[in-house]
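Shared between the two complexes below is chain A, which pairs with chain B and chain C, respectively.
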Partner chain A sequence: MSESDMLARVKERLRAVLRRSAQTSAVERLLISTAALGLAVLVGTVLILVSGRMTTCTTAAATYFGVGFCYDPVTVFDRLFLGALGDPMNPLFRPLHGEFAPPFRKGWSPFNAAMAVTLRETTVLVFTGLSVALAFRAGVFNIGTQGQLVAGALASALGLLVLAPIVPGGAVGAVLLVPAGLCIGAVAGGLYGAIPGVLKAYADANEVITTIMLNFVAAQFALYLVSNHFQRPGSQVVETVPLPDVGTIPSVVFDPRTNFSLLALAIAIGFGGVIYYLLQYTTMGYELRTSGLQPAGAEFGGVKTKRTIIASLTLSGALGGLGGAMYVMMILGNFQTGVPSYGFDGITVAILAGNNPLGVLFAAPLFGIIKSGSIVIDTATSMPPQLVDVLRGLIVLFVAMPEFFRLIGRRAIADEPSVPNGGDEDA
Partner chain B sequence: MTPAISLDGITKRFPGVLANDDVDLTVERGTVHALLGENGAGKTTLMNVLYGLYEPTSGRIVVDGTERSFEKPQDAIDAGIGMIHQHFMLVDSMTVAENVTLGTEPRKWGGLAIDRDQARQDVVDLCERFGLAVDPETRISELSVGVQQRTEILKTLYRGTDVLILDEPTAVLTPQEIEELLSVFELLTDQGKTIIFITHKLGEAMQAADEITVLRDGRNVGTVDAEATTREELAELMVGREVLLEVETSSYDPGAVTLSVDDLTVTNEQGIDVVSDVSFTVRRGEVFGIAGVDGNGQSELIEAITGLRRPQAGVIELGDREITDDDRRERIDQGMAHIPADRHERGVVMDFDLVENGLLGSQHAEAFVNNGRIDWKRTREHTETIIEEYDVQPPNPDASASALSGGNQQKFIVGRELARDPQLVVATHPTRGVDIGSTEFIHERLLELRAAGVGVLLVSSKLEEVRGISDRLGVMYEGEFVDTVDPEAVTEEELGLLMAGEQPAQEVSADERE
Partner chain C sequence: MRELPSLGRKTLGGVVVLALVGGVLSGFVDKNALSSTLRLSVPIAFAALGGIFAEKSGVINIGLEGHLIISAFVGIYATNLTGNVWIGFAAGVLASTLFAVVFAIVCLEFRADQIIAGLAVWLVALGLAPFLSTVIYESVNAGSAGFDPITIPGLSEIPVLGALFDAKPPVYLMLLAVVGSWYVLNYTAFGRWVHASGENPQALDTAGVSVKRVRYASVLLSGVLAGIGGASLSLSLGEFSGNGQTMVDGRGFIAIVVYLLGNYNPIGTFLSTTLFAGLQTAQIQLQSGYLPSSLVQTIPYITVIIVLAGVGRTRTPDAAGDHYESGEE
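Take a look at the complex of A and B:
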């Protein structure tokens, strides 16, 4: 067989895989994601065991088949997934010790601190996930959600610091300030998202490049502004003075010290619904989706492509900005530089959700659990945080990859002629 | 004498589609055999099976009395079968001789280098043997489409082909080039080669072939002698019922000018003028046709008129409003319906279902939208009406556009566009890939609109179509209107010459009819 034949066969195989992954049903996708999660855990287990052998420790954390290991994968994954929820289950392996235990632990409350971490991370990730997904549906790769989030976070913090002295305190102040802070964040993020939109629409600048560059601009500008003009006196880190309590989102049910607000989560879920409605039931959403799927078709249908690009990036930026406002007003209580990579995690959330706004509501908690769980691992085991990061990366990679293949598969088969209709081309 | 090719009970099944259903086909040596059928009848699939591109689900392939099974095209080539696809596979920057010998070049210096002289000589010999006139030293990019096709034929002959399959070979040719191709067929069969060509044009099949096999819905519905058959018989075989080949046009009584194009110049992506100073008008109640070989500026002209491309210079008026600077949406709102040439790219959004596609272009129309909120229920009803009226198959509004065959996509697009209640319809290849029955229906609908006082601008590469339903006919060549003629007075030969850029003899001109 000649080399070109080989190549042709490999290509054909690849195309077949892509075609297959593009046609998976919803149930299949769920099964694939679950299987991928299982596989990630399996590979992670091997990794934990191997590094556990390569490390020296005084007492083995676990002994399997007579061999001692420094880290115990059972403990690690138990902490990662169950620790993140505040241990709702009795230890799973108790039957091995000859005792019977009911599955749910007595005294477990869903409003525990670990759960709060999981849900507050989820809240911010819903916004960044929606931000990326919305842009993606319009055919725009917004890698700049991170920067838009920083812009929104900074603006809402500074805005609230300016507004706080002029509004009354107490409940009235909160009712005025909280929406104001969220709006400022959304507007700032939206404007920051509009920049790459305008650049793409009128200067044909690739949005992947401009948004990535604008991420740096946002981070550095925030550093400059806070450290030179709004630095909290006496603080070792670059941060603003704390926001007044009326400017933070009130926690509901959960302990205020957990920095999580059910209200914020409810708003996030509400936005998932709003964006879904926007995409499915409005002219704007229809035009956005048309542009994303087939730009030439959108042009034919009278869609103003430039306007759609700018609108989608502005909206996407506003969602990122809202995520930033939530981060400031719920989690931090002020603005600090070194914002965690919510924006980039949003890309993975969006991919896992298949860019469906409702899917984002299900994909974000998974990432929330992993983030919160890795904090629990740090305190519960001696495993180094770097290895925890590797496990996180593995899970994200495994779970997101099938969806990623589905996305590029859809693009690939859109380009190839439909086979069964034979000669219907170019009559 | 054993037949060159004998297919026995070929069945080819794709997921959800039965493309070939128990097809028998016998092709005698040294003859031209036409495979006739509507689009989607399974002609190309059958030939792809013979060429080893697809493995048949069941059935036998017998070549020269020996049963064969082809796993890949190379197996078929080894058995002496060659195929020329609709899209040529030539390297533009290489010469004819290089292209013909590509991959099987004669070698020298113990195989280290290509023997160019030998390659050139081989091609010259080949040309002489079959009486084909091609200069082996010319680059492909400098050749006309007809000669490029001949180069493709040489390529297969060079590889020792005995049976030559051509997929829609005439689709891209001018009438003169078609004549030349048909004489090439004769030269080849004189030398004992066998030719199978795929076509959906009745006339061509009758003119060029010795025998004609008609496929319909993946089945062989009859093999007839080309001498003994009639157009009516073939048409009936193709569609399974009698069809009227002549379109009845009502009397020509044009009204006010609805579209006026004045000195329009359009450039392509490279900044080259592809439409130069074109002027014409379309009146209410008339069909203005534009004929020409594809690629002579028609698509750019139409894009400029419909608002998909910005013209360099000139004025376009719709009704009494200048629309030169209006964008696409404003033109739709002004009552311009457009059947685009490229249905996959523009006409439908492939990943949308038909309901979503039914909204394309109307997403701001009051009929379907309240305050930016889409009324999907009404859109669905609208879509169901189109599906029913235009017999779109499968009749499922929830099917995605990509699940439809090309012809059905086209019917859907035509239905959607004509439902806009337009004052002007800009139709590009409105019946491309559509079966005869639906073609007839689409023509009738266009003529109904004409009778109702709508202006129709029609671009088509099918000569019968533009001649059949146009009241006036502009012929385009290299971005200019060579002439505007009366389609009834002009002969096919005259039209062919105009399409090839010959200046008109000063006689019939429809301008005088105005």
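Take a look at the complex of A and C:
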């Protein structure tokens, strides 16, 4: 057999693998993610009840089975999910009781403040989710999106502070500065992501460890740079001076005080489509996906593995950096240390989405709700908002064990058709 | 593939040199520095020993950080509940072991991706410990009684090396565990099974030993050892702090680098642990100097990256990360 025949066969085999994995995933992925989410809420409920017995309170928040609990899981999850949307439900809308009032509460507007928080968190999470998903698809475990986001956030803030005095004010300035800030964030995040990429490709250094270490380095370095060189005078926290207004992303429809811009969300959604197209329909995407599924086969089939590793981590880092730039230019308006864990949440979003860029567009709002809801929980209940971090871990854990749900699924389905045969054969 | 044992020897030689350099850096001439190096070694060394057992058996436990976090918190909580440091210590170890049970079931029964399941263990602990601390103490930080040092009269008077005989119980436990793990892995049937389970599970299966059982035992052992590390960390100080990445602050991930560098050998692993702990000791001394502390604090993390890149391809067990299905089910 000639070498070109061999290559053709290897390539055909790789395509078959890609097709199979795409077919089995779609519906099953959705079912598993939904089940994992449900199970996480269930375990979360138990945790809320148990922790409600571990703490002390003067009046019980809820009583179940004659036992009083300090936290009520119904209230907690109600605040978590509905509070994050600005309480859309009409209390008179109770279809189970035959009362069909309009489902949405009077005076509820989808452009409310809680919704703005949910959507602005969603915007950043789309970027970090895409960042993690892209790397995972290429078989690279980029746990460093957090660090890449910090690098992008810091660079775009400092870059904008340098550029602002040079460009004119008004609309012209904004048209120049906003894209510039986003580009600086993407480049900084991309370069920071390229470091573990080069180390993996040329020195075989495990990317899980190097990216986690680089997260620590980024946080410390940002602390050093801001506190020693760019500290805002007189401020109690470690932060830079505020960015000029022309360097921030203007809000659309929503109240400017909510720090949310529909424009930013639209850009994020656009990136979801771009990354999907890149993975699905370009040569580069094909190379990324095959390296993720069958590294040895991909290399034999002519994929330059080293280049692919570096490219995937650089792109992944650039997406993380863009998320950081959005965080600075839309939410904060300057750079502060103690950046929220968007990068780690991105892992959950990506895993929940089955590492599919379009799936990320659905998983990110869900997680945006949870993040925004945790703020509502903090003000409306005595429940510590760290509960949300536990839920994040549980979701990853449950999505990681699809066999568990397949087993349950098979049992549930197998019960019915086996009846005509007179029951179990190997019993 | 076969020339790898020599790479192992080379790595080990490198580790010894590095450990000596680290030792000199931290100032082996100083009893306090050695004492601090040993104390800082404890959580990393225990987590690394645990990681060796799990990974040698074929299960990569990347969630060691999570085991350290949960045992550190539970150790403090249970000490406060019972008023006894040793009961608190045992409870911390138990909590970490329970996490290992869940991790083992998820990986061995439900064939989860070991890396993602390990990350999940870390993320759950990272959320759960500060959450429980806030529920119980209304703060992410909590304090309790801690271990008292044990000073061996006479021996503790020796210059410099006297630090070995004037320490808190976890330091003595660590020295025992290093030698014990080395003995178990090299000179017992269980050690051979662990090795075979990671290198050639089919052969172990053929020999009539259940691969699954060996892997369960190894993963649980990694939970116990990492639990000792975490409970030692918090109970040596008598406090748990849960801000940001918690007081564990990446030690579980450093532990993974440490055993890779030590080539899965407990003795080599301990030597490379002292390198990192020595660096931390040096870092504490540098902080009082002219370098900004935020930059000095990046030194251990950057060292991990450089070392990992320098060691390059580590010889991981052949079957590590793969699920093994016994033929006769």
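Everything that follows uses one rule, which is that the second predicted complex is superposed on the first by the 299 of 427 C-alpha atoms of A that agree within 3 Å, B and C clash if a C-alpha of one lies under 4 Å from a C-alpha of the other, contacts with A are read in each partner's own complex, and residues count from 1 in each chain.
In this text, contacts are C-beta pairs under 8 Å (C-beta built on N, C-alpha and C of every residue); 3 or more make two chains touch, one makes a residue touch a chain.
Computed from a predicted structure; not experimentally measured.
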Notebook entry, point to check: Now for A:Q231: first (chain B), second (chain C), both, or neither, which partner does it touch?
Noted result: neither
Margin query: According to the stated criteria, A:N112 is in contact with first (chain B), second (chain C), both, or neither; which is it?
Written below: neither
Notebook entry, point to check: Can A:E287 be said to touch chain B (first), chain C (second), both, or neither?
Noted result: first
Item checked: chain A residues touched - chain C or chain B, whichever exceeds -> C
Note to self: Per the contact definition in the header, classify A:E299: touching chain B only (first), chain C only (second), both, or neither.
What the structure shows: first
Next item on the list: With the two complexes superposed on chain A, say which partner A:R410 touches: chain B (first), chain C (second), both, or neither.
Entry: first
Notebook entry, point to check: Once the two structures are fitted together, what part of chain A is touched by chain B and by chain C alike?
Noted result: none
Checklist line | chain C to chain A touching residues, read off their complex | finding: 62, 102, 106, 109-113, 115-117, 119-128, 130-132, 134-136, 140, 244-245, 249-250, 253, 256-257, 260, 292, 294-295, 297-298, 301-302, 304-305, 308-310, 312-313
Item checked: Residues of chain B defined as touching chain A within the complex -> 14-17, 19, 39-40, 42-45, 48, 72, 74, 86, 167-168, 171-172, 198, 200, 308, 327-329, 331-333, 338, 340, 342, 345-352, 356, 359-361, 363-364, 369, 372-374, 376, 402, 405-407, 432-433, 462
Notebook entry, point to check: Residues of chain A touching chain C in their complex?
Noted result: 51, 54-55, 141, 143, 199, 203-206, 208-210, 212-214, 216-217, 220-221, 223-224, 227-228, 338, 344, 347-348, 351, 384, 386-394, 396-397, 399-404, 407
Note to self: Using the touch definition from the top, list the residues of chain A that touch chain B in their complex.
What the structure shows: 5, 281-284, 286-287, 289-290, 293-294, 296-304, 410, 414, 418-427
